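The block underneath contains the structure these notes are about, expressed in structure tokens.
Should a chain be cited, it is by its letter among A, B and C, assigned in written order, with residues numbered from 1 in that chain.
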Amino acid sequence: MQKTLKVIALAAVLGISGGALAQAEQVKVGFAAEPYPPFTSPDASGNWEGWEVDFQKAVCAEAKLDCVITPVAWDGIIPALTSKKIDMIIGSMSITEERLKTIDFTDKYYNTPTGVIGAKGVAFEATPEGLAGKTIGVQVSTVHQVYANKYFGENGATVKEYQTQDEANQDLAAGRIDAVQADAIALGAFLKSDQGQDCCELKGNVKDDVAILGAGVGIGLRKGEDDLKAKLNAAIKAIRENGTYDAFSKKYFDFDIYGG
Amino acid sequence: MTTPAPDETTHAMAYTPEDLPTAASLFQPHRILLMAIFAALVLSAAWFMRWDWLPQYLPKLGWGIVVTLVMLFSTAFLGFLFAVPLGLAQVTGPWPLKALAKGFCTVIRGTPLLLQLWLLYYGLGSLFPQFPAIRSSFLWPYLRESWPYGVAALTISFAAYEGEVMRGAFAGVPAGELEAARAFGMSRWTAFRRIWLPRAIHRALPTLNGETVLQLKSTPLVATITVIDVYAVISKVRQDTFLTYEPLLLLALIYMCLTGILVILFRKLENRIPTRGA
Amino acid sequence: MADPAPFINWSLLALSPPGWGSVLLSGLFNSIQIAVGGYSLGLLLGVGGAFGKLYGGPIVKDLMECYTTIVRAVPELVLILLLYYAGTDLINQLLALGGLPSVDISGLAAGIFVIGVVQGAYSTEVLRGAIKAVPAGQIEAARAFGMSPIKVMTRITLPAMLPYAIPGLSNLWLIATKDTALLAVVGFSELTLVTRQAAGTTKAYLLFFCAAGVLYLALTLVSNFFIGIIERRARRGLVEAA
């Protein structure tokens, strides 16, 4: 009895590690398991689509990596990276000083301004004075959370933090908050949706603060993975130069998302 | 279908007063050894892990614990108030009421609390603003907040689980006692008020310990609809510091302490109101 | 404006795209897989835990007591986060200490592990109660016949305690199916998370949450039906307690 158990246990362990060895070349690409159009959103057949999914496919093809997309919870995405549940983050994560203390980034692959939207019929500006006394929603663990707390929260606004961008948008549409601060492109996608058209409008872009908002979005990596980083940097450069980047970007945007 | 006694399963899932160790049993030699190893583990955790964030978040943590406890006690109290009619309707109500109460308990107990919470907050809550009458009513400032939805969902859940207990408690009061009350000339209402209800509540009291601990274990779900309870504060620490284990370990410790305090309080109360074996 | 009826777009639930029905069903399938896996793992841990708690040495008993106390005092949500992030990390670090290559743990395996550990503590308590309900004389008689402890366990204790354990164990199964919803918080694509993704993408929150509720309820009711059959079989030949 005991002997059989031991044999089974040994077989199980060998089976697991054997399986792991066979697929050691795979790279798991993490991003937030939530609708974040136009970058990543699930479709009705259970697949993920969007600009960032196309970008990830192009980069992986260029760098000859066998990438598997792995949606994880946004608020645990950095722990997931450091505990090796995923190997890189392609999830609209801005390169900031704060994050660089824990993880590493490739060069940027896009950069957009930060906007504030609010309900139609309520006039205010996207400035600390304009938002004083208002409730502004942001997604947790984002540069917008840090920015809104510093510029608006300390000037009389209430900052409400949401696990996903979609929840913040939903609460704005439901009239529970007055404004939402986020990436201008993601907000644009929401404003174009039926719900967004009915309820909300762009109130303006916020004043830039590179120290907080970062200098663009990069691929998040564990520290010390310099080979992978060099490979990915070369791949980003290559798809920028050979036109692939522009080709799939045209499907989504009529401007250059790479930024200046 | 034989429904198992909810009390037993609750006991398997929630720490209850009878699990408390006695003071004397802690001084057996092997236990002192185990406690020494445990103390060494705690000390090494305190020494080797990062805790520099703690002082900065202490006031917020305190508030979070207060919010958690308010959520717990308000919903357990309200839930119990709803549980009494729910149980009674299932035992003695006319069939439409009986079916309604039974259906309510089945639906609530058959679906996850997290789903109910999201259904109320994101589903129902997003319908309200479409009605101008609601938007301009005095309720709107509350409906804009998130805590009423948390209180509602937790209350409904507690009522459904405890309602099942109350059903058993009402049904379990010996018929002879009720007959005796009627024989003394009590009206149906007086017999209910003086005999049936107090006896049923008395029978249900022991289950309240376990159900309340289970309710404490459900409260962190409200953090997913932006209520800032102790779980939400710890989530914020995790996001601000990128630490995984330290905040979660502290959170587990906080909940263990809360459970421990609750259970000791129950033990004290039980000693005052002898309910076991009732 | 005040009429919500036009907001219900039933075609969103169709089985083929653009309907999200198949996504919801595959989420349900994931939930069931985790519930079955976690429940079975929990039962294994529970049998070990219950025997350890009843017949183990003082240290084993105390360790089991710590396990069940922690799981019964800390919210499942917190345990799931801790086990999900720490558990798999710990396994890999142990393997690294032993000089073995790190294991690639899938989301499914991690989910089963997490639910299993939580369920294990609950089943330990249920089974311990059931084993204690078996008349001591039966076990003593088996020992007197010279049966080995393992034989006593497989031939006498486990079969004799089953009728006492089944009500509690069937409750635990229902709880396991509902606890899988908590994995939504760590981003595992089970029913609740895919429901929220579908709801967020289509903005039909009420419709999708209600649909998921119906699926969970159906799972519970179907389970209840089979639990009823199992209970009747297990209770055959037992004197009904008054």
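Definition applied: contacts are C-beta pairs under 8 Å (C-beta built on N, C-alpha and C of every residue); 3 or more make two chains touch, one makes a residue touch a chain.
On a predicted model such as this, the values are computed, not experimentally measured, just so you know.
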item	value
Pair sharing more residue contacts (C-beta pairs) when B-C is set against A-C	B-C
Reference subunit C; chain at largest CA-centroid distance	A
Separation of subunit A from subunit B, taking each centre as the mean of its C-alpha atoms, in whole Å	36
Rounded Å distance between subunit B and subunit C, as computed from the means of their C-alpha atoms	20
Centroid spacing, where centroids are CA-atom means, of subunit A and subunit C in whole angstrom	33
Two or more partner chains touched - positions in subunit B	122, 126, 224, 244
Subunit C residues counted as touching two or more neighbouring chains	81, 85, 185, 196, 205
Where subunit A touches two or more other chains, by residue	76, 79, 83, 167, 170
Subunit A residues within the subunit B interface of the complex	75-76, 78-79, 82-83, 99, 101-102, 140-141, 145, 160-163, 167, 170-171, 173-176
Residue ranges of subunit A touching subunit C (in the complex, touch as defined)	1, 16-17, 19-21, 23, 32-35, 37, 41-46, 70-74, 76, 79-80, 83-85, 164, 166-167, 170, 193-195
Subunit B-touching residues of subunit C, taken from the complex the two chains share	1-2, 4, 58-59, 62-63, 69-70, 72-79, 81-82, 85-86, 122-123, 125-126, 129, 167-168, 170-172, 174-175, 178-182, 184-185, 192, 195-196, 199, 205-206, 209-210, 212-213, 216-217, 220-221, 224, 227-228, 231, 235
Complex contacts: residues of subunit C adjacent to subunit A	17-20, 22-23, 26, 81, 85, 88-89, 92, 95, 100-105, 107, 150, 185-187, 189, 193-194, 196-198, 200-201, 203, 205
For the subunit B and subunit C complex, residues of the former touching the latter	1-6, 8-9, 11-15, 19, 28, 30-31, 34, 106-107, 109-116, 118-119, 122-124, 126-127, 130-133, 213, 216-221, 224, 231, 244-245, 248-249, 251-252, 255-256, 259-260
